[in-house]
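Next come two complexes, and both contain subunit A; in the first it sits with subunit B, in the second with subunit C.
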Partner chain A sequence: MTLVASALAVLLLSGFASLALGRKSFAAVVAVGGAVAAAALGIIPATMCLAGAAPVSIAVPWSVPGGAFHIGLDPLSSIFAVVILAVSALSAMYGAGYLQGHSSAASTGPHWFFYNALTASMLVVVTAQNAVLFLVAWECMALSSFFLVTFHNEHADVRKAGWIYLVASHMATAFLIFLFAVLGSRAGSFEFADWTSTPPAAGALFLVALIGFGAKAGIVPLHVWLPQAHPAAPSHVSAVMSGVMIKTGIYGLLRVTGFLGAPEAWWGYVLVAVGISSGILGVLFALAQHDIKRLLAYHSVENIGIIILGMGLGLVGISKGNSVLAVLGFSGAILHVVNHAIFKSLLFMGAGSVVRATGIRDIDSLGGLLKSLPWTAAMFFIGAAAISALPPLNGFVSEFLIFIGALSGFSLAHASVSLASCAAVASLALIGGLAAACFAKAFGMTFLGEPRSPLAHDPREAGPAMLAPMAVLSLACAAIGLLPAQAMALVSRAAAHLALASPVDAADALKWASFPLSAVSAVAFALFALVALLAAVRLVILSKRPVDHGLTWDCGYAKPTARMQYTSSSFAQPLTSLFRPLLQTHTKGGEPTGVFPGHTTFSTDTPDVFENSMFKPVFLAVAKVAALVRSFQHGRIHVYILYIVLALLVLLFWKLG
Partner chain B sequence: MTMLASIALVLLVLSNIRLLGGSRLGTLIQTVAIQGVILAFLPLFAHPGGGLNYELLAMAAATGLIKGLVLPRMLTRAVRDVQVRREVEPIVGYSTSLLVGLAALAVSAYLGWKLSPAEPAVSPLLVPVAIFTVLVGLFLIMTRRKALTQVVGYLVFENGIYTFGVSLAYRQPLLVELSVLLDVFVGVFVMGIIVFHIQREFDHIDADKLSLLRDGESQEEHQ
Partner chain C sequence: MAAIILLIFAPLLAGVINRAKAFFAGRTGQPLLQVYFDIAKLLRKGVVYSRTTTWVFRAGPIVSLAAVLCAACMIPLGGVRALMSFPGDFILVAYLLGLARFMTVLAALDTGSAFEGMGASREVQFAALTEPALLLALISIGSATGDWSLHEMFAVVNAHAWAAHGAVLAMATVALLAVLLVENSRVPFDDPNTHLELTMIHEVMVLDHSGPDLAFIEFGASVKFAMFAALLSGLIVPVRTGLAWVDASAALAGLFAVAVVAGVIESCMARLRILRVPQMLVAASVLAGVAILVALAQGVAP
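Here is the complex of A and B:
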């Protein structure tokens, strides 16, 4: 545990050091060095805990009422800690390359300070054993990530995105403070270890936790900050926020569900419903986007949906006493947390490389980057295949576990369980298919074909500082996909703990699932090997013959231009028009008319339905009510002090009288 | 001991009333200086056994020096620099101020009686007088227009907090440390007045800029 504490110390010290260095380029080196050293320090005890070492903790008294600096590692904390530290360190390395010679005049020292503060606070969040410490770390996390999002604060849209994020996370925290205050005052202590008895109205508290943590995780309809904040932030920050920071919401939900006593079946059904709607709506909105980072942000919503779906099945399994369903649901959810952290940070890094090379985020203006950014393209492809749950990569493993778990739910003689399982299987299949379509679009439009718009300069491949972390993540995608049994062994302890099953039962359930999984992975690997072999044969044959590069057949058009290629909107049109009632895409312009058609334009735009028709009216109404009390705010300090004095006197009389 | 402390506290009440009725800035500053000297004696009665220790002596000396000497001198200098002699147009007149002060005394007596611990430290008068001093300070800030008078009000307010702190000085030195920090704040105020030659209350230095602090329409207009 000393190692975790020293990892925290290293993070904070290097953060302050880079703050002091400010504008000097050395600031990034110090911060990245700190992040990597902290990852090395912190991953050791966490892996030991995952491998079966006893849970450890360290407690230091704290003068804050009810608080104590009490952090500890159990299997659930450990798995999140490993992911947080690894992804933060890799993204820091990437970020050092990404920010090199960035155009903004701002000093990067504060940026790196907040980066390391974010990593440290996330580490405290997942290891905290005290509710007050948890909330303090949670707020530090929200604030430091706010400052990271607003790095390019000279742009108005970045400032707006930052405010939306700040408001969303503070409203979520309000729910969490309420939740922890109720739990803490009932137990008479803010130590997690003392929260053992079932509180009254556990179901209501569960819903409060779902809203509070769900807003951070990005479940529909509380996801509105994600598609705003991720495009605004620098790419390595998006990678950390989307890859690991939103997972702290999942961690919190998993942790708090354990304090609420035996779960009831309807909690599971609520999670399944929330998971399905987040998954499907997330991927549909992603399909309709043109901005590559906004697209990836909506995919985070989708993947959080899949994770929540797995958790829901796990809770149903616990409440119905089916340990197979419980273990498979939870292990699928946790493994998907790990997998999503890997491939989503990889994808954000890939998108960042594209943005850095071209200065463009709009997929419809990109194209043909495979030739100039071959490594980025290859690794983006691996990430895209992984997020589409294609074997033999890691996304397939975790989604398959949830699939198998849902299928095992059919064997229970409960109509409601079968219904939930059925819905889970069907929607997972739909989500997977739509995700594959979306990434065919994202990869194809960005990297294949010809450039759709002239670029200011020739795009250049990213440097080794950016490519190396991406390579590590790509290898991790493949490794988990090819060695599913080992990956499942890593999460089995945490899953067994969550599923209230013995480790032996958990291992049995996972073994049952791992046989078909290994078979599918092996077949897929064989297929890949075959393709590689054929490609090699082709190369050998062609090496003896002359190879000519020519135009693709252009359908008889005399003068094809790059603008005649499919665009992302036209590629996605069959699917988006199918779901038009949900997406409410705005189209502008139309078909050319007349015998000699003149100039015409066409554009589509898919704003967030929930932001526009759910949150905007509410906030406008709040603003209207707030305007009524504005006459109290007139700028005369005398009267302000009068307010304070009156409030104090009223409170004193009320309390004492 | 309790007798002596009570005499000091009664003097504090009288000085507060003088502050409420005074219009000349010189008088106000002189009264605040007297208050500072009175406050300097209070820590000497704070030891529950009636004894003394070095911490309490140091606190008394520091209080006397800062509140009785340094701050009043700074204020006097500010008066000379800014060329303000009298508080001419208070928002609430002097006789009304005295009446409000009387009401505040009653309120503080009631609250102090409710708040007082079973075994009062220093003197049973301590808590009511502390509340009264806080209220008088706030009232001065609220009803006077000159920036300097407002600073005096702030200083009185802070003296009230200090008086509270004395009862805890023996067990909880943190509160007293905090009140010394507030003294630094007063110093900054006075420096500001000297440097920027502020004659009236603070919200009129530059009304255009300050109205921006209000959010809402005005801000949107400016964007």
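Here is the complex of A and C:
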């Protein structure tokens, strides 16, 4: 545990050091060094805990009422801690390269301070054993990420995104303060260890937790801040926020569900429903986007949906006494947390390299970048295949666990469980198909074909500081895909604990999964071997045959141009028009007029339906009410003093009378 | 074992379809072994690559074929064992086919051709809707038979199972037939013989491939058809005697019967408007969903 504490100390010290260094280029080196050192320190005890060491904790008294600096590592905390530290360190390395030669005059010292503060606060969030400490860390996390999002605050849209994020974050925190206040006042203590008895109205508290933590995680319809904040932030920050920060919401929900006593079946069904709607709507909105980072942000909503779906099946499993469903549902959810952290940060880094090389985020204007950014393209390809849940990569493994968990739900006589499982399977299949479509679009339109618009300058491949972290993440994608049983072993203790399964039941559930997982691994290796074999066959055949190069065959048309290629909007059009009622895509122009139609333009735009039709009216109403109060506040100091005097007089009379 | 039979006979099934269509059109038709000849010829040819393309275009046919071959290892042929089987193997099959499709689509986009982009766009749309139909259809069979590996699921589909779960199996058969037709780009969803690139889906995506690459694609396509035909044959030919050669020859007959059915449908039906295809696919999913409900209702009832 001292190692975790020293990791925190290293993060904070290096953060302050880079703040002090300010504009000097050395600031980044110090901060990145700190992040890497902290990761090295913190991952050791966390891995030991995952490997089977007993949970450890450290408590330091704190003068805050009800609070104590009490942090500890159990299997659940350890998984999140490993992911947070590893992804933050890799993203920091990437960020150092990304911000190099950064043109804005702003000093990067404060940026790196907030970066390390974000890592430290996330680490405290997932290890806190005290509610007050948890909330303080939660708030530090929100604030430091706000300052990271608004790094390019010279742009108005970045300021707007930051503002939406800040408001969303704090509204969610209000729910959490309420939740922890109720739990704490009832138990008479803010130590998590004392929250053992089932509180009254546990179902209502569960919903409060779902809203509070769900907003951070990005479930539909509370996701509206995500597609705003992620594109606005610098890419390494997007990688951390999308890869790990939103997962603290998942951690919180998992942790708090444990304080609410035995879960009821409807909690599980609610989570399954929320997971399905987040998953499907997230991927549909992603399909309709043409800003690459906004597209990736919506995919976070989708993947959070898959995680919530797994958790929901887990809760259903607990309440119906089906330990296989419970353990596999939670295992799938936790492993998907890990997997999503890996491939989503990889994809944001890839997108960042594209943006840095071209200055363009609009996929419709890109194309053919594979030739100038070969390494970025190859690694973005791996990330794209992994997030589409394609074997032999990691995304498939976690979804497969949820799938076979759902199948185990079928063998029960409970029709409602079977229906939930059935809905889970069908929607996972639909989500998988749509995600593959979306990433065929994202990768294909960005990296393949010919450039769709002239670029200001030739794109240059990212440097080793940016490529190395991406390579590590790509290898992790392949490693988990090839060795799913080992990955399962890492998460199974936490999952068995969450599933309230006895050791015998847990072993039973693992036995259910172990054979399919080893078979998946065998097929993954066989696939690699077959690919190598076929590639060798092709090479041998072609070595004796003529290989010519020519133009793309455009059905006899001799002068194809880059403008004739499909764009991302046209590629996604069949699907977006199929789901038009949900997406409400606006189209502008494009209608040819007259006998000899001349020049015309066409554009589509898919704003967030929930933002426009759900939150906008509410906030406009709030603003209207607030405007009524505004006449009290006009900046004249003597009137303010009058208010104070009047208030004092009222208090005086109230006390005396 | 089933995989070996499938790989050997796969190109023959295309010949059977063509013969069935020729019969309806009053033609003699191609030789039954035409696809074998085509593949052998393509393997002897050189290739032409577009200057736009990259390694993705060259990897496409290789990875697609490898993924389809891996998937074929998990397909049983009636009572004939699959090479490997484990609970949930059909999910891996569905996702391996997804990998094959992903690579084909990317290879198509790599050419920068408007036509191939169009085919790719349609392919991903239909695939997204087909995947739930496929999984639901297989789950309905699984919930009727109580097993979750393809081999065990199909090993017990005998006359007795049809008597007990006739409705479920019939609905699953229809849903699977729809999946077979759309996944293998047959009429009424796609027309492999159309002469107009604008109307093609699968064929237009592979316009730029040539030589051994095209041979891989052709072989992969016929294996994919054979896989789905094997699943259907396992349903419609409920012969499970336990005698290997009886089961195998019955299932093989079923395989050819499915090919004939595909040929007959292709001869008797017009192609659907592309806008109608999603409705048909959703209908197949709904049908499979109803099959699951029926299976559950039967399972719950004493």
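Simple rule for what comes next: the second predicted complex is superposed on the first by the 601 of 657 C-alpha atoms of A that agree within 3 Å, B and C clash if a C-alpha of one lies under 4 Å from a C-alpha of the other, contacts with A are read in each partner's own complex, and residues count from 1 in each chain.
The definition used in the following text is that a contact is a pair of C-beta atoms (placed from the backbone, for glycine too) under 8 Å apart; a residue touches a chain by one contact, two chains touch by 3 or more.
Here the structure is a predicted model, which is why all the values come from computation and not from measurement.
**Q** Contacts for A:250 in the overlay, against subunit B (first) and subunit C (second): which applies, first, second, both or neither?
**A** In the superposition, A:250 contacts neither subunit B nor subunit C.
**Q** Now for A:652: first (subunit B), second (subunit C), both, or neither, which partner does it touch?
**A** Only subunit B; A:652 stays clear of subunit C.
**Q** By the touch definition at the top of the document, which applies to A:526: first (subunit B), second (subunit C), both, or neither?
**A** second
**Q** Thinking of the overlay built on chain A, is A:636 touched by subunit B (first), by subunit C (second), by both, or by neither?
**A** It touches subunit B, and subunit C stays clear.
**Q** Would you mind checking which one, subunit B or subunit C, touches more residues on subunit A?
**A** C
**Q** With both complexes overlaid on chain A, does A:172 touch subunit B (first), subunit C (second), both or neither?
**A** A:172 contacts neither subunit B nor subunit C.
**Q** Mind listing the subunit C positions that touch subunit A in their complex?
**A** Those residues of subunit C that touch subunit A are 43-54, 56, 58-59, 62-63, 65-67, 69-70, 73-74, 84, 86-89, 91-92, 94-96, 98-99, 101-102, 105-106, 109-115, 117-118, 120-122, 124-125, 127-132, 134-136, 139, 142-143, 146, 148, 197, 207-208, 211-213, 216, 278, 285, 289, 292, 296-297, 299-300.
**Q** Could you list, by residue number, the parts of subunit A that touch subunit C in their complex?
**A** 367-368, 370-371, 381, 385, 388-391, 396, 400, 403-404, 407, 410-411, 413, 415, 418-419, 422, 425-427, 429-430, 432-434, 436-437, 439-441, 443-445, 448-450, 512, 515-516, 519-520, 522-523, 526-527, 530-531, 533-535, 537-538, 541-542, 545-555, 560, 562, 564-566, 570-575, 578
**Q** Show me the residue ranges of subunit B that touch subunit A in the complex, using the header's touch definition.
**A** 91, 107, 111, 114-115, 135, 138-139, 141-143, 201-203, 210-211, 213-214, 216
**Q** Show which residues of subunit A lie in contact with subunit B when the two form their complex.
**A** 627, 630, 633-639, 641-642, 644-645, 649, 652-653, 656-657
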